[in-house]
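Two complexes are shown next, each including chain A; its partner changes from chain B in the first to chain C in the second.
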Partner chain A sequence: MSATAIPVVRRPVWRRLIGFNMLTGLVLGIAGWFLGAWVGGQIAVGHDYLLGTDQNDVGAFVGYLFAVIGWLVGLGFANYPIGRLLGRPPTLRHHELGGWTRYFRLCTDHKVVGIQYLFGVGIFFFIGGLNAMLMRTELLRPIEKAWPSGQYLTLVGLHGTMMIMMTSAFILGPFGNYFVPLMIGARRMAFPRVEALTFWLTPAAGLILMSAIAFGGLPFGWTGYAPLAVEGRGGVDAYVTAFILIAISLTLVGLNLLVTIVTMRAPGMTWTRLPIFVWGVLATSVLMALAAPVLVATMTMVLMDRAANTSYFLASAGGSPYLYENLFWFFGHPEVYILALPGFGIVLEILPVFTRKPLWGYRLAVAGMVGVMLLSFMVWQHHLFVSGMNAGLRPFYMLTTELISIPTGFIFLNAMGTLWRAQIRFTVPMLFALAFFFNFLIGGLSGVFLSDVPSDVTTHGSYFVMAHFHYTIMGGLVFAFFGAVYYWLPKMLGVVLNETLAKIHFWLMFVFFNLTFMPLFAAGFLGMPRRVSAYAPHLQVLNDFVSVSAFVLGFSMLVFLANLVWSLVFARIPAAENPWASRGLEWQVPTPVPVENFERIPVIRSGPYEYGVPNAPAVADFTPAALPAAGS
Partner chain B sequence: MDASVHTALPDGVEPAELLARNVRLGARVWAASVGFFFVAFFFAFLYLRALDTNGLWRGWPHHHPTPSMGFGVAILVCVLASAAVARAAAMLEPTRRRVGAIAALLLSLAAVALQCAQFSSLGFGPTDAGYASVFVGWTGLFALFLLGTAYWLATVVADVSGDGASPAFQAAAIEAVSFVLIVLAGIEIAAFILLYLVV
Partner chain C sequence: MTTAASAQIPRHGIRIVLIWLVLTAIAAPLIVFVLGPHLPPGNMTSEAGSQRDANVLLTALLVPIALLVVTFFVYSFVVFRNRTGGIVDGPPLFGDAGVQLLWIVLTGAIVLALAVWGSYTLIVSSHGAGGGQGPSPVDQPKGHEHALPVQVIAQQWEWTFRYPTYGGFESRDLAIPDNTLVAFHVTSLDITHSFWAYELGVKADAVPGVDDIAYVNARHTGFFQIRCAELCGLWHAHMAKKGRVLSLPAFQAWIKAAKQKNAVVQKYLAPYSDVYFPAPLRRAG
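Right, the complex of A and B next:
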């Protein structure tokens, strides 16, 4: 195959700043916020019940709405819908050609969107991480020191919300968008403008969430329980709006990926030849498309309770805070698997490449992912074990929660079977994949304690829960993310990352991740509650140890950043087209990947994991005579 | 799978068959997402009604919100008719689709307009406790979704009125939007039963 040359239109820098791009979006977004706040104020004037609160929530929400509209209009998202209304034909392309400016505007190339996600979500991930560093600084002393308890709680809320919001798109955003079309032999996503929209909603959500600091902060963690969410200060408006935007984005990501995988597979890409990562994405997409809308509805109810004085969640006016807990966790628990399933897909994708063996139990892995997907909708009430739920329901939810460990166990069986008697290449992606299984095992086993009613009653709300979900989400998802970064970045960015720095990053991150979170199980057993900055004096040594470990863990991220900057800006060693000798379809295309991905749509001849299989055919035929070339 | 479907055209316009298939499946997934969105309101209705916290489900003492049945029936009829007409239009000859699509669009817009009219003379407000909250939220957001679907119908009308979109895409688009309208009609039936009959 040959790369398609990308003609770059050279224009003066000032000219490139004018038009539909991020800068225009920012200007219109800010103008929209002021206009919306004024309009909201005018709306509220005529309605007593809208003014029945101690702050102008209507103005805040309308301000955010107009800001988002301005942001999207400035980026150019309104042009196509208006054109369609005027009878222009449907097209899928927009600004796919061009230089670096593609990354700062609406672009329908899935590879550009993938890279936008990688850097966009990465920035918010680092901000969330900085919040964690600030929290651990406060926890160096058992009494309030650096920040009052209200500000500490805001830090906790911002850290949790930002991490959950951004990590939801942590793998599907960069790697799902970039690699799914390549892995299934497609030239693009099913709905490329929707794909671009999902990304550009993300920075809007992140910025709006951060604005909570300016409006009184958050009185809760990431779960935003009512009635605090209804009665909290203006920062909650930012929280609600940000979550609505992210949930809309997640719904559309799920829809887009689902349709792409079902309809746009290349000839010969049967369901049993689908890469396991794509199966993980498929299962996650179903969860996103079905669970995220419930979050949109829930947050809309909070919005109405705050701005229109409805009473969904206020018991004093006929509502119930338990309604919030039920609705939130109906989304919230599938959300956990929205985070975990793509991680499963990545590590199982990496293992065969570096063991040079076929993936053991491919169908079992698929069954595991689908099983997790289905069961994840039936477990949400285990979050309400100590909330006064009907005691008769507890055994059912305890059973369904414990059942979910069975399909999850399938994934571990796949890994053990693949590793068995393999000649393992301990590359950096492989190290992260192996660490994923170590961490997730601890996270999973500690989860059994929380699914079991008697032990959950004693550990609920403690640092034990915090340690558990950090082992699953950070130890699982984030390790899988970095495995994917080191595995796929040579294809995405066309440069080789420095391996020594990468290994330093891995070992620092692995060791100090465990030193940070393992002691927190003990802190939880010793009675240390979550979200409180003051704690019993005898826990200080434990907390100081954790804080220092967390600082080194944070430092490991700087090592990664330094490696990225060094490799991308200074060293710029070109990556080989297939440095890992992978059979994956995505590695069979040139680097950088052409705009059209494939000169001709390939015909898939065999599965992607037939390593060491005698006489295994090439994964695909890239020059099938019957298929015309792109652009011909 | 037909390999020719994947061949990109020089101007970037994808093959009509592929676009059509994407729109059809996308509509079904979108309909499922919309369904789950309203499941939250369905759950809220049943949950708050069953709890009847402080005896305030039906409103404050001496003030029980009662929406106009006339508006409710009119909105229901418009939504059902819109879905039926859009479905029928999808099955009509290409030359006659335009009339059906326009009729479905007008019926959808009529339902939205009726909802706005009902809100302007509701007789109660969102602050009137549990039932009123669910009523205002469910019906208001339903009208918003219907308005969005009406936009989609308007693009279908624009397509069938001009020669920009291929016949295959036109057929798929009207079939897809009619599917979403049918799901919305189902949601409206549930809303009518719960919000007007069961209460």
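Right, the complex of A and C next:
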């Protein structure tokens, strides 16, 4: 089907507002929750009485299940299978939908899903950030003042889950979905309907997670250790359901991207010409597809312990808390690389563009990412060095953990080689990419303390750990995310972001990020445990300093929001098609990107990073003479 | 590539290394001699001492590595920045097998050395370094058969301590003798906690149904902080206490007094056991 053959059906706005969209999904979802809670209550009459709880967990879980089904049906996910059953012809909905309302409904265009993801995970990121601000307000004083400890723990739990679970697809969601087909020369993802499903599960999970506030909150951080999770109040049901939904979504995202990258590359897009960001996405996809299902199993066990009175994790009835810790971290450690690897891909994608040099040591970068991917499955027990489990295996996990710094070091060597004798332009995306390396350097090196068992006995479970992973996730992933936002937004949204505001955002964020988290290494060394609402009085000066820095860090995000709103709504300066003079394939298509991306599938002629190579051929031939203009 | 340009290459490298050497020469002694003695968790026990040694060595090793990378980056920003304002291509360098091999060998050597050294200190020189080793410890110090057992019982949200060799009485205060090998037997009545005696350099998860053993040998008397290092619900932050390291005679006197003081509750106590399973599990916060 060629680009000209797509019939664009424009229906009136009122017709687009009712029908299968977010609103219908919300209405059916809420109705489904009430129906499900009633049905569940009928299935397990007296569950709350028998278990001595204040809530019927069976009712809660069936309620959430019906709510999700209602939400998906309301969005129109049932239309296609039902239509096929009735013998109607297959359709891809993006062919018939145009205009802004497609962002609020089921749409199988990978570019629409990318932008849906961008704003979706962005909203969760800001909610998580707000939670952090509220936590730092509490920590201005050494004893509970702003929040009672139960509400403080709910804030901790929501901050952690919002930041780690809801934003697991922080980069693969927006930029993976949007740019991977563009970068490999494809017209769509391998499974467009699955792609839409992965996004629309995310807001469902987010809303369910936030419903925890109404049902007694979360007594734990993002890790949800059982048996604490089993004894926790109704909020835990929300946490479990949300995590299952997200894990399903992550698995599908991973499989979808994996299949897309392996099977849908344009002719000439060999593995060694694949942009390094796509390699990062590929490595992450493998992690998602292999690690996230373990989480579904783990959370289902917690669900069974709570709703069906099994005892997977209750030692008094023959279960083991270690089972949870093992299963959770078997997912949890690959998960932190799910957060880190796309960041590696983005910064290495940005560096060659603004140094005007090829990516130095391309194959080493690929080896680094694949190495991190493989090793990340072999290190999970370093979270459990003092748990009393497998003490004899501690040297092994110490070794595997430290081995990860070798492939991670490759990424640094790539960056240093690319900077060597370069023509560096300090644009905003470049600033974020360079800050990534500074932050990740500190994050990575502080991780060595945690991998060494004698040192870990001091630092385990303290603020040192907390500072360490904020340096890798916030300093790494979030800086890479903003680098990608400033780099790719001109292509995604078609507008130029204000550069002055962007630089203010960068410098505030970089300086106050370090002022916030650097002192927390000291707090951990001085004996402050994680996730506490009260602490030793002599640590107050340190904590006050951190809180004030954190508030300015939060303010820097408002600068970004102001910039986004100003540039997108008011200024609306149209962006050039290739403002950075990049060789990337995604920059060679028009802005806004046509629905079918490429009129004909391009033939790739050379690698994406051949800057400065004399007589380097153009990156691709967009009007190949003798190739079929097939549908994909 | 002109000869003038290629003559420039080694000079950049030498300059970066020289700057780095100067910075390291300043930083390393500062870390070892000025910062080092203050690094946690101090020197109250031999286990704490071994952790501090690890922290000093790692800091002294990792700061120069960080300095090398930062020096390289900052040098590049200054020297290799685009001065023209326009878009100028740099030299098309795709990689250098020698440099890459050197990097792999160097990082590999550092990592392997760290792993070997870490395993050596864990197993041979510090015998578990004060970390919880579970019910059958593998890294046992000499004379561990004669270690003084002290049971640490965690529950939401309180620590209690039992002394099995003194009749298994239970106390809300913790005291241990100095220059004596003590074996903490950490367990929990409800959910997972973590026993963290900061100055002692002891951290061991309190897991229901598990007898988690950690050894410590105090070098001198004094107070130490007890914290819970694993989130355990509503009053996690308030599972804090002060423990004491006493001289042996003072410890004997304390035992006698504490035994007397707690005698009234002795008959309500469960008999001493490695693990306890009070039922049922409550639904609380």
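To be clear about the criterion, the second predicted complex is superposed on the first by the 590 of 632 C-alpha atoms of A that agree within 3 Å, B and C clash if a C-alpha of one lies under 4 Å from a C-alpha of the other, contacts with A are read in each partner's own complex, and residues count from 1 in each chain.
We take it that a contact is a pair of C-beta atoms (placed from the backbone, for glycine too) under 8 Å apart; a residue touches a chain by one contact, two chains touch by 3 or more.
Since the structure is predicted, the reported quantities are computational estimates derived from the model, not experimental observations.
Participant: Figure out whether A:Leu568 sits in contact with chain B (first) or chain C (second), or with both, or with neither.
Facilitator: Neither: A:Leu568 stays clear of chain B and chain C.
Participant: Which partner chains sit in contact with A:Arg88 here, chain B, chain C, both or neither? Use first/second/both/neither.
Facilitator: Touch status of A:Arg88: first partner only.
Participant: Go through the superposed model and pick first if A:Leu258 touches only chain B, second if only chain C, both, or neither.
Facilitator: Touch status of A:Leu258: first partner only.
Participant: So, does A:His460 touch the first partner chain B, the second partner chain C, both, or neither?
Facilitator: The answer is second: A:His460 touches chain C but not chain B.
Participant: Look at the residues of chain A and decide whether chain B or chain C touches more of them.
Facilitator: Result: the larger residue contact count on chain A belongs to C.
Participant: Between chain B (first) and chain C (second), which, if any, makes contact with A:Ile69: first, second, both or neither?
Facilitator: So A:Ile69 meets neither chain B nor chain C here.
Participant: So, A:Ala315: does it touch chain B (first), chain C (second), both, or neither?
Facilitator: It touches chain B and chain C both.
Participant: Shared contact residues on chain A for chain B and chain C?
Facilitator: 52, 315-316, 320, 322
Participant: State the interface residues of chain B toward chain A in the complex, per the touch definition above.
Facilitator: Chain B reaches chain A through residues 1-4, 6-8, 10, 12-14, 18-19, 21-22, 25-26, 29-30, 32-34, 36-41, 43-44, 47-48, 51-54, 56-57, 59, 125-127, 129-134, 136-137, 141, 151, 154-155, 158-159, 161-162, 164-165, 169.
Participant: Given the complex with chain B, which residues does chain A contribute to the contact?
Facilitator: So the residues of chain A in touch with chain B come to 49, 52, 81, 84-93, 96, 185-188, 190-191, 251, 254-255, 258-259, 262-267, 269, 289-294, 296-298, 300-301, 304-305, 308-312, 315-320, 322-323, 326-327, 330, 596, 601, 603, 624, 626-628, 630-632.
Participant: Which positions of chain A touch chain C when the two form their complex?
Facilitator: Per the stated touch rule, the residues are 51-54, 149-150, 153, 156, 219-221, 223, 225, 227-228, 230-233, 314-316, 320-322, 325, 355-358, 360-364, 384-392, 394-395, 398-399, 402-403, 405-406, 409-410, 412-413, 416-417, 419-426, 434, 437-438, 441-442, 445, 448-449, 451-458, 460-462, 525-527, 529-536, 581, 610-614.
Participant: Considering only the defined contacts, which chain C positions touch chain A in the complex?
Facilitator: Against chain A, chain C makes touches at 8-9, 12, 39-41, 47, 50-51, 53-55, 58, 62, 65-66, 69-70, 72-73, 76-77, 80-82, 84, 87-96, 99-100, 103-104, 107-108, 111, 114-115, 118-119, 121-123, 126, 128-135, 137-139, 186, 190-192, 194, 196, 198, 201-205, 207-210, 212-214, 225, 227-238, 240, 275, 277-285.
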